[in-house]
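I'd like to ask some things about the structure below.
For reference, chains read A, B, C, D, E and F in written order, and residue numbers begin at 1 within each chain.
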């Protein structure tokens, strides 16, 4: 039992750091780059991914013994797409501003490698609990990485962290000096550069792998 | 003349010529040293096996090493003396190799004096059959004296698969400092001409071109006069080529003289050409007419750090140390001792290294000659200026090859035609970052050869 | 003539000005992963172009003739991805069986493409931009694929050079590729607004 | 027969899941569709209402107005009449769009009851560069303010000028001339067409 | 804001002229469409999977089976099956799969049945030289390209043409940080060495030999010089002079070309070998391998330069 | 006795040219333009140049320290980057923005890629592009020559009107849009040549740049291929445009002397690190730069295209190198 618990915990923690999908596995780059202009968008994206991950991991885990090889990919994508559609509808209904901002990147969760990867590597081989732990761990790891990235970018680009729920709430506000008003950080350049430097930093901290 | 002066190839460099140290020094014989060391590898091809034993006495001109292989040349004793040992000795190119150590009594071996006056305009090559010429050349142990040391007989032997029609005589001497070929062209004109006519006859070449750089008008004049006196201007002509390094490289010379290109990775006979150095021709004449083996050659000893620079007629096997001592020894300023010229020569570390058949010069460079960045090895990053591409006479991309070699990416190096490099060093010479491009390329060739040996 | 001009401008626009990779962050994974060598990158680019043309057309047909008329917008994502995944799998098997040479040079990239957001993303953008005719759809899809090919080939060229560069150890691989990608987007901003 | 059976054995999971997911998605959609629709309407009314504070309701006109949207395309514009509690007409509002610097810009434009002066514009969606073109989206920003009370005729964009003065001259956002010009162009195209159509239909008479 | 809602009827202005569906209709239309797609793909793919099957190399298939099959391209290959093919052909590509991580790498290794050593005794490298910088004679200073192959192309910088150059050609080949240059001599750290043999190709002088370690540690002759004894002595303080003392103690040692060698296959530690080790005048017979005693260096001043001749 | 002897691979001598000398020559070549900038923009120009150079040198020093690499300030390449970046900034640029640009140029664009010789993009131009993306207003505020001094370090939006002026290229763009006639624009040609116009610090005086460019050519610091290709292709493009539409296109000489084209052709496109290696490649690169400059000037969003043209062609450099990778003299070896 205790053994079971540690393995669950390990599965969970792996997603946070050792196998962090963004920082270590370098998967799912497109949303990572596209939605990290604001922390709020990043968090919304993260939440959606967690939801989809949990859903797809659970369903795949349930039907893991019933899969036929030639239809496997099709089953996965079908499941994932269904959950993504639900997430998308939900955001459209309850978070219209965010939904508009994230645009097509929410449906693109369908093809985010992380999700298929987890379905294939974990859920199709493990029971419900492990799959769940994996989904939550991976999802949080993804969200965390996105949030940090967005934090850096939003601060350097606008000098502020702004959340919008009906009205704007400014959480942080830095002085109006050029260093904190580099609009370029909100553009694609900023996304690529920040992520590149962050990956470099992580690699430096963890020591290079082969 | 004016048109001819333009003849050249694309690329190349023009280092300071510095021929003034020795160009007016007549060839001078040196006294026989007490010890001579004759490496059994002095040519491209199969190494010789010793024919003598320890303590055996040998006579001047007696063969002491030979191999049965076709691509090979025997080695002869330059002195009357005793075999002291057969052991490893330093070799300027391949490191330690088996050599015959000879001991000679200088009194019994007076300096050998060259005798070019024995040839004149009345020489008739028709008295020798091509077979006779070839055999004489082989027996005399002749190898290319222009630097590569390829057995001359192999080059000259008619080959039905690749018939030769043109003989090009390499009198360019494009390396800075060196003047040995220049001096023999002035002093041994008739002997060289005799050798040329013998070689042309043996190889079956109707056309002969003598390529001489336009910084040697005296040599051009000497040959033109000689040619008009013996009435062979029809077949043999002097071609004046532009003074530029590496004009003397055979692929470059062929391009300049004939406007033809030897295929990459191919050899001159493929396009019907044979290239011989002037010193080789002189040796051919001696070998064929007087049956004299190759035991001595002219060596230019030169450089700012040499007390008595000059052109010396030296027994093969004499050590660098002894020759330097004869020329007044090294001065304090000497920084590099180079066998050959500064562009392609080998910097040697061990001064006991003997001189071999292919060594035409001993250049001693000072720190200033080497140039400070190179001396202090201040190599910086390649700034991709493209100078190395512009000067490469073979049209290669030296920086790409060097980078690939540096990172052990032999596949990439080969993609950039690593093996087409003639190692002329023009690229290293111009590189503002002072990267040893030619050095890397050479390393790459060694790595490749090793890999090939390991795999096959 | 007018439609031709529209198509041409749309095509150039999607290849250069609104390049999927540089401006929309689509297809980043293969852009980072398969850009190590130019020949690989080119193969990948060709495969993406082919699949985009196929998927763009199929999904547009489904969208325009089924989903929109019957108000089934909710099924867009599911239908699109099913069609893409199924079609790609089918084409891959087919090419592999009958055109082994073709398969080796570009078919091997096909499985990689199902999970590549350039395909689904472009199909969704075609819907989002309200493209209402087939020719424009095809031209835009092919253009998007060629734009991807351009981007990944440029990246591959740069990476082949970087492989022999003195990049700090921690930045080798993905990090420096990302930084390069960032500077590339900066360069391609020069085309901004040329065609819209 | 066994072929069918084999097929079913291999594929039942896919078929069943398709059915189940299809139904589930449809249900989710049906449940949320009204809310999603309302969100859009809300956004419109919020923007238009902000510009026409007296308005309580927006009523669509019976027929749509055709506007030449350039490139030979004509769009049908739904124009709303803003009315206050008493049913009095207080202004007009409609949605219009055109291409900006990066992508399409979608605006809500409002005018006063007589369609003589603009009541301003609001941005429904735009994808302009942050820090540049997206300054048009700042509600109450200097750019948007210039349109409040501007004449409902042809506007012109100038690079330098007095942004405080309300007239037909709109001062561009520095460094984002293209976006500024795009907004002015969209307005010029739609406002005059809509106004002409309303006049033609006799809807602009004093109430 | 709530007060300014539109009248109900304006809510549904989207796509009104289409055959819009509502409520129950959406449900059954959706079910129909999706199931229809399902049937189509089920039929087509099933047929395809039977008709279009391609035979694969079983090893490749096995490797493919342990890969994550995400086809993400992170390995630099075109998807999992390309990577599987590549790894099967070149084992050094193991570990490129980032989603799979170390676990997958291990599984691939298992599939490829990689063996670190063959037979009983593990093969490990021995460097046949033990001369540090101060033990050797140098004629000049080498200022060329760093690296043994390049340095070796400049003959006779160091008098001994056989000994270690100390530019680390081998070090660069070792991916396990198991060789280091200490005082101008390459030294193997046998605790880190995996016996992969990559270092052998790095040495231009052929100093490194892969040898079956039948015993641990084991005696070796750490020299390669084929110069005669006198010259060797003049050049190097710790070179084998070919005196034959060791061969007289034990027949494990043989002397050929002025150089003693150990017959590793027959090597047995014994009194005789120990005597040989102690009697060696230049102390060139030393222990190598795991647990070898520290190499106490004989460090005499080398003879004067040029004394070789 | 022989310990003084060294050994290294052939050749044993070399040209005495060094990277440092090359870079020093570029700096010397830039002197006329720097003098001109000091004349037109007074002390402000000197200040911006000094700040950029100092920030570049400092960044490079710090990077080397962090990577435990030998100090490389001696090769002067960072100084060249600093000067060229400063030359490409508007005189009124806030100094902090100049510093951000310098750090970006050296750290992100140069040192992260491995330092001198390894960078893919021209550091100065990439940094300028980043600044343009980030500080659009500050990067497009042009001051009238000789109206700015160090007393006016920052030019805010409020006091812009007093001193700003349309640059020659803004004029030509207006002509393209029919807001001015080419003849009105040509009236400035003399000023454009000598430099009495608004614009970036280093681009005002075509005469000074030509002088410096000639110096580089004479010293063989650069080869003529890239400048010639840029000038020719841009000139021909402009001439064709003028021929086809004389009512909106300004004359080619105006295009050549206006804006950063001279600076770009002689000092920026010629940056060896980011240009192709071979002569053929250099021609292609130069033609690409020239055409892109004109394309951006004519149909693009920006009045000036040098920066983006150079960056775009930088991206293509590896592909050009590959394309121009020829078989050796004597043809491909048969294997």
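Throughout what follows, a residue touches a chain if its C-beta (ideal position, glycine included) is under 8 Å from a C-beta of that chain, and two chains touch if they have at least 3 such contacts.
Note that the structure is predicted; figures quoted are calculated from it, not measured.
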| item | value |
| --- | --- |
| Steps needed, at minimum, to go from subunit B to subunit C via contacts | 1 |
| Centroid-based (C-alpha) most distant chain relative to subunit C | B |
| Intercentroid distance (Cα basis), subunit F paired with subunit D, Å | 44 |
| Euclidean distance of C-alpha centroids - subunit B vs subunit D, Å | 86 |
| Whole-Å separation of chain centres (CA-atom averages), subunit A against subunit F | 41 |
| Inter-chain centre distance, subunit B versus subunit F - centres from mean C-alpha coordinates, in Å | 49 |
| Contacts with two or more other chains, residues of subunit D listed in rising order | 10-11, 14, 17-18, 21-22, 25-26, 28-29, 101, 131-132, 178 |
| Subunit B: positions in contact with at least two other chains | 346-349, 351, 375, 377, 381, 436, 439, 442 |
| Residues of subunit A whose C-beta touches two or more other chains | 26-27, 70-71, 74, 78, 82, 85, 89, 113, 116, 181, 183-184, 187, 189, 193 |
| All chain pairs that touch each other | A-C, A-D, A-E, A-F, B-C, B-E, B-F, C-D, C-E, C-F, D-E, D-F, E-F |
| Parts of subunit D lying in touch with subunit E, wherever the complex brings them together | 7, 10-11, 14-15, 17-19, 21-23, 25-27, 29-30, 34, 37-38, 41-42, 45-46, 49, 55-60, 78 |
| Touch list for subunit A against partner subunit E, complex | 19, 24-27, 69-71, 74, 113, 116-117, 120-121, 210 |
| Of all residues in subunit D, those that touch subunit C in their complex | 21-22, 25-26, 28-29, 71-72, 99-102, 104, 178 |
| In the complex with subunit F, residue positions of subunit B that touch it | 9-10, 13, 15, 176, 251, 255, 261-266, 330, 332, 334-338, 342-349, 351, 363, 365, 369-375, 377-378, 380-386, 389-390, 393-397, 399-400, 416-417, 419-420, 423, 425-426, 428-434, 436, 438-439, 442 |
| Subunit C - residues contacting subunit B, complex | 163-164, 166 |
